[in-house]
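Chain lettering (A, B and C) follows the sequence in which the chains are written, and residue indices restart at 1 in each chain.
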Amino acid sequence: MAVPAILLLALVAAVLLWSGTRYWRVLRPLASAAPEHRSDHPGTRLRGVVTEVGGHTRLFEVPYSGTLHALIFGGFVVLLTALVEEAGRLVAPGFSLDAIGGSTWIALLQDVFEVAVLVGVCMAAYNRWARRPARFRGSNQRDAAVILALIFCEMVSLLLHDAFRIGQGGDAAAGWQPVASALARLIEVAGVHDAAAAPWAGAFFWAHVTALLVFLPYIATSKHLHIATAVPNLYFRNLGPRGALRPVDPGGPAVGVGEVDQLSWKQMLDLYACTECGRCQDACPAFAAGQPLSPKVLIMDVRNHLRDRGRSATRKAAGGAVPQLLGDVVRDETLWACTTCTACMEVCPLHIEHVPLIVDMRRRLVEEGRMEPPLQDALASLARHGNSFNRSERARSAWTRDLGFPVKDARTEPVDVLWFVGDYAAYDPRVQELTRGVARVLHRAGVDYGILYEAERNSGNDVRRVGEEGLFEQLARHNIETLGRCSFRRIMTADPHSLNALAQEYPGMGGRYPVLHYTQLLLELVERGALAPAPHPQVVTYHDPCYLGRYNQGYDAPRRLLERLGVTLHEMPRCREASFCCGAGGGRIWMDDSGQTERPSESRIREAVALGDAHRLVVACPKDMVMFTAAVQATGMAGRMEVVDVIELVEASLTPEEVAVAVA
Amino acid sequence: MPGILVYIEADPGGVAPVSFEVLGAARTLAPHLGGPVEALVAAADPDTLAAALGAADSVLTVTDPSLTPYLPEAHRAALEEAIRVRQPSVVLIGGTSAGIDLAAGAATATSRPLVAYCTALRVAGQEMEAESQLYGGKLVATTRTAPPAIFSLVAGCFPEAPGHAPGTAPRIALPPPAALQRLRTRLVGTGAAAAGTVDITKAERIVSVGRGIGAPGDIDLARDLATALGAELGASRPVVDSGWLPKERQVGKSGMTVKPRLYVAVGISGAPEHLEGMRGAGVIVAINTDPGAPIFQVATYGSTCDFGDLLPALSARLTAAG
Amino acid sequence: MRIAVIMKQVPDLVEDVEVDARGTAIDRDGVRWTVNEFDGHALEQAMLLKEAVGAEVTVLAVAAAGIDQVLFAALARGADRAIVVPTPEGRTDAPRVAAALAPALTEIGADLVLTGVQAADDLHGQLGPILAASLGWPHVSVVCGAELHGSAVVVQQEYSGGRTAALEVDLPAVLGVQAAGRPPRYVPISRLRQVIASATIGSHAPAAVVPAPATTVTRLAAPAQESLARMLEGSADDVARQIVEALHEHGLVGV
């Protein structure tokens, strides 16, 4: 080495120290952040990390990107050996990993993966700048360019270092490094070999080290930080039910998140784990509808605010004042646009929790009264009457009139199945007929069921997702108290939102019940012979409701039921976990929906029509019925697509002369 | 003293239409009550307004610059003074913004009872019997009051014709009350309805939406129907207050009064304030899921169908019919 | 600057309003009460004025079942004090309320009194003008916006047809509010519960006896169902067909 070793070591040490301060500055907020308990089930957590990181399960949902990432990631892991070798050589010049195979299989792996990473980098560059997928829109392209360029430099410098090292002659690993050897021969042809190669080898060694020393501090404020944060973020992912939101800490400093210091450490880790891949943006129905929400951009904006808000440059850009999280960094409309469908969380390779973050910020907006009048009116109606329709509680059971038979009052009589009807099923005229259908079918099947009549209140599911915790608690407590006075074996509901509240949210408040969706009950009745539907062949397609599917894994019962009805199901491209939200969730059905380029429900109808042979869209959620019926009108598809509820298919398939088999 | 005092309201166009109604009501009551019908005109230049009041037996004028344009405090002072001086047995006022300003205050100041929101008024022996609409029109209160008393009348419930008569009634000039020199209210600006793009009072057909429409997105259904009918879109106050439609489309007491040939009311309950603005329409079709909604009392045709089903079906039929 | 807001409850018109056995008054026990919508706007306007000039806002109401909830909600919205005043025989018509509250208002030293422009049961007149007349203060009703300027308030008064006028009124004054500068803000249930747990409602001695109204209600009933409307029955399609036919008959379509 020409330059004194001590000086170089000092330089490296200085860079390391400086990098350390950058990492410290970025990660320090986690130390004083709000708590979150995620240390349970270490075994399960670890297994998940291995599957996601080792198996790249979610990454391979986009095969091209999964492949290129596997190549680069694999290289990163393998080339840690090179890092160790170099670090060792800096401190003790003769250091090598030969003892454990540094000149044999390790060398081979290094050689192969240096090329593999280059292939990955080229694939990545081609994807980003030639194919230009939409999900990258809004991502920091400059950051991506710098990262790919630095990785490229590292690989090239490594390969060339190896080539020149081999060119010196007498290299033990030469036989194990085909690519480097081939390069060495090329260089030899050019006239550089033996002693002449030595300085080049040294130069590329330092080129590689320099690239690393540039990369190291850079990573602290780059999305590449994910190489440090991904594994912890995956380890500390949410193992609990997705449908149970974290309650507000009554002793906490503030309700909801109004500034980044009110985030929990896990939420901050989420921000630093994001790689801006945009899969969430691609999946988001609000984004697709032209709303000002991209889950990716939201995470990026909050991350940038957490990371940079203290810096003078940020202050200067904002005209001297420190920007506020709510209002400046994240607009109110962005937060209100979310339907809480969790399509984003379903596809995120880092298991980032976008929706709970949005709900936490909504809680603060509610606290400050920052919501549009229609939403306010809905909440006021819910607080006064327990429903969002501004109708009397006494009108909740109006749908039972004209049934021709009485429906048991579960408040006063024991029942086998307590039917939690839900707001839309009880009050919306379009859905009331379906509710009567359910009553008729259950009656014919001899099911012992009852309803809560006026004592039922909105389950509070969407109230909680809007951020009105106090009102959610009020509604939930009322329902739990009412249920506590009833005698039943299990609860059934046709409303997936109520299902989620009853099954996932109420246990945290002391209400634990076996809950099933009506499709599950209907399937059970059919399988038991209590209902004998005649096959009614037709081609239909089926929409998985968000709160039944993604939230509660209810994909199979409706499909098996359709099978039993003799119906041919032609699946839409976006089905099961990838189902595309109708746009009503998260309180959106209570908000003004103008200003959208294409409503999610309309996009869904077009998707159904595009199948070609299906003329009926089967739904299993009252809000889906409401949204899709309107969308059929709005898209002018009234002659080509009909929206039918599962219960309509069931009822149509029961012959009038069928004798009901009493359920034991 | 027997006799009826009618407060005459002025708007930019002259005598306000509601005042002719009130004058008409006074004329109908006068034979049973005895005494003259005196119309009170308080203005900077009462003569122009007085010329239209041939139906009154006499026109009381209070002249002062502070009285035009309308100023609540000034007009209340003038009304109170007229009541004190003429001591009518019955005072009638139209139920407008001015009516709210003046009636109850004058009643308190002159120690007379007030019966508000009257839709009917008749003499019953020594007393006045009135019917007043309360609770958003859900209930009607029948009351008996011994004169002297004040009654404020709901616009659109009394015949206007008797209030129009040619000729001139004798003028009686009342001295302006001293209070007009010590006013604590001043006019500092006026505004017309926001100069918008539409004047629904000129529309031949109107499709109007109310709170029952539920969400602003559903207004599109009404809009489609309006297009199919060649109609203008109207709204009730709650819809405008929530910002779903602009103020210029508001029908009702504090909005526009319309008299189209066809008025389709969707999700409108028929609160009195709204009815005031449209009960003069030709054919009224009311769509509301509540069979007890007051709108059905003024409508020609009614349906409790859900508008989400009915409006598209209607639009489709009308478009197909061409 | 001291602002007083007077609020009251009215029957919730979402339900049917039942009449009592005598047929001359509503069944107060059976009725679902809700705060008068216009009083809610009056409170919101008071809060806007408070935010603009830093006034002290006191909310007053006459004693009635459930009135505490209304006052706590007002405190949760930002009012500084709440006072309840009983009326003789629990009467809540405007003349009685005005008489009951006048002493309390003078004691508070209110410079500006805001209340809703009207209420659903104002048979005997509206509170705003009655209170103003008995206090001898100027009054403007149908107010849709207000701003304080020194010792006067500038208000927007609204007339039919969307016409407005800006009036400057010297304080002290009474305003009948139809709409505040912006819709009443939302109070989260959690804040309301906090206020209920921590705040207290003051009270004031009842006023001297006030004579009963000179008007007697002889009957209170639903309007005679001379329902002119011909109700159309059937499915949406049937009704649509009938409507189009009717419009044809009237010469409104297909001409």
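Structural remarks
By definition in this document, contacts are C-beta pairs under 8 Å (C-beta built on N, C-alpha and C of every residue); 3 or more make two chains touch, one makes a residue touch a chain.
Everything numeric in this text was worked out from a predicted model, so none of it was measured.
In terms of inter-chain touching, the protein chains here all touch one another pairwise.
Pairwise, the chains sharing the most contacting C-beta pairs are B-C.
A straight line joining the Cα centres of chain A and chain C is 47 Å long. Per-chain Cα centroids separate chain A from chain B by 57 Å. Note on chain placement: the centre of chain B and the centre of chain C lie 20 Å apart, centres being C-alpha means.
Multi-chain contact residues of chain A (touching two or more other chains): 373, 390.
Looking at chain B, residues 242, 306, 309 sit in touch with two or more other chains. Contact with two or more other chains is made by residues 183 of chain C.
Chain A contributes residues 248, 255, 366-367, 369, 371, 373, 376, 379-380, 383-385, 390-392, 394, 468-471, 473-474 to its touches with chain C in the complex. Interface residues of chain C facing chain A in the complex, by the touch rule stated above, are 12, 14-15, 32, 34, 183, 185-193. Across the interface of their complex, chain A is touched by residues 211, 214-218, 220-221, 242-244, 289, 306, 308-309, 312 of chain B.
Against chain C, the residues of chain B that register as touching in their complex are 11-12, 69-73, 76, 96-98, 100-109, 113-117, 129, 132-146, 149, 183-194, 201, 205, 229, 241-242, 247-248, 250, 253-257, 261-262, 282-286, 291-292, 294, 296-306, 309-310, 313-314, 316-318, 321-322. Across the interface of their complex, chain B is touched by residues 10-11, 13, 16-17, 19, 26, 94-95, 98, 117-118, 120-126, 128-130, 132-134, 138-142, 154, 156-170, 173, 176, 178-179, 183, 213-232, 235-237, 239-244, 246-247, 250, 252-254 of chain C.
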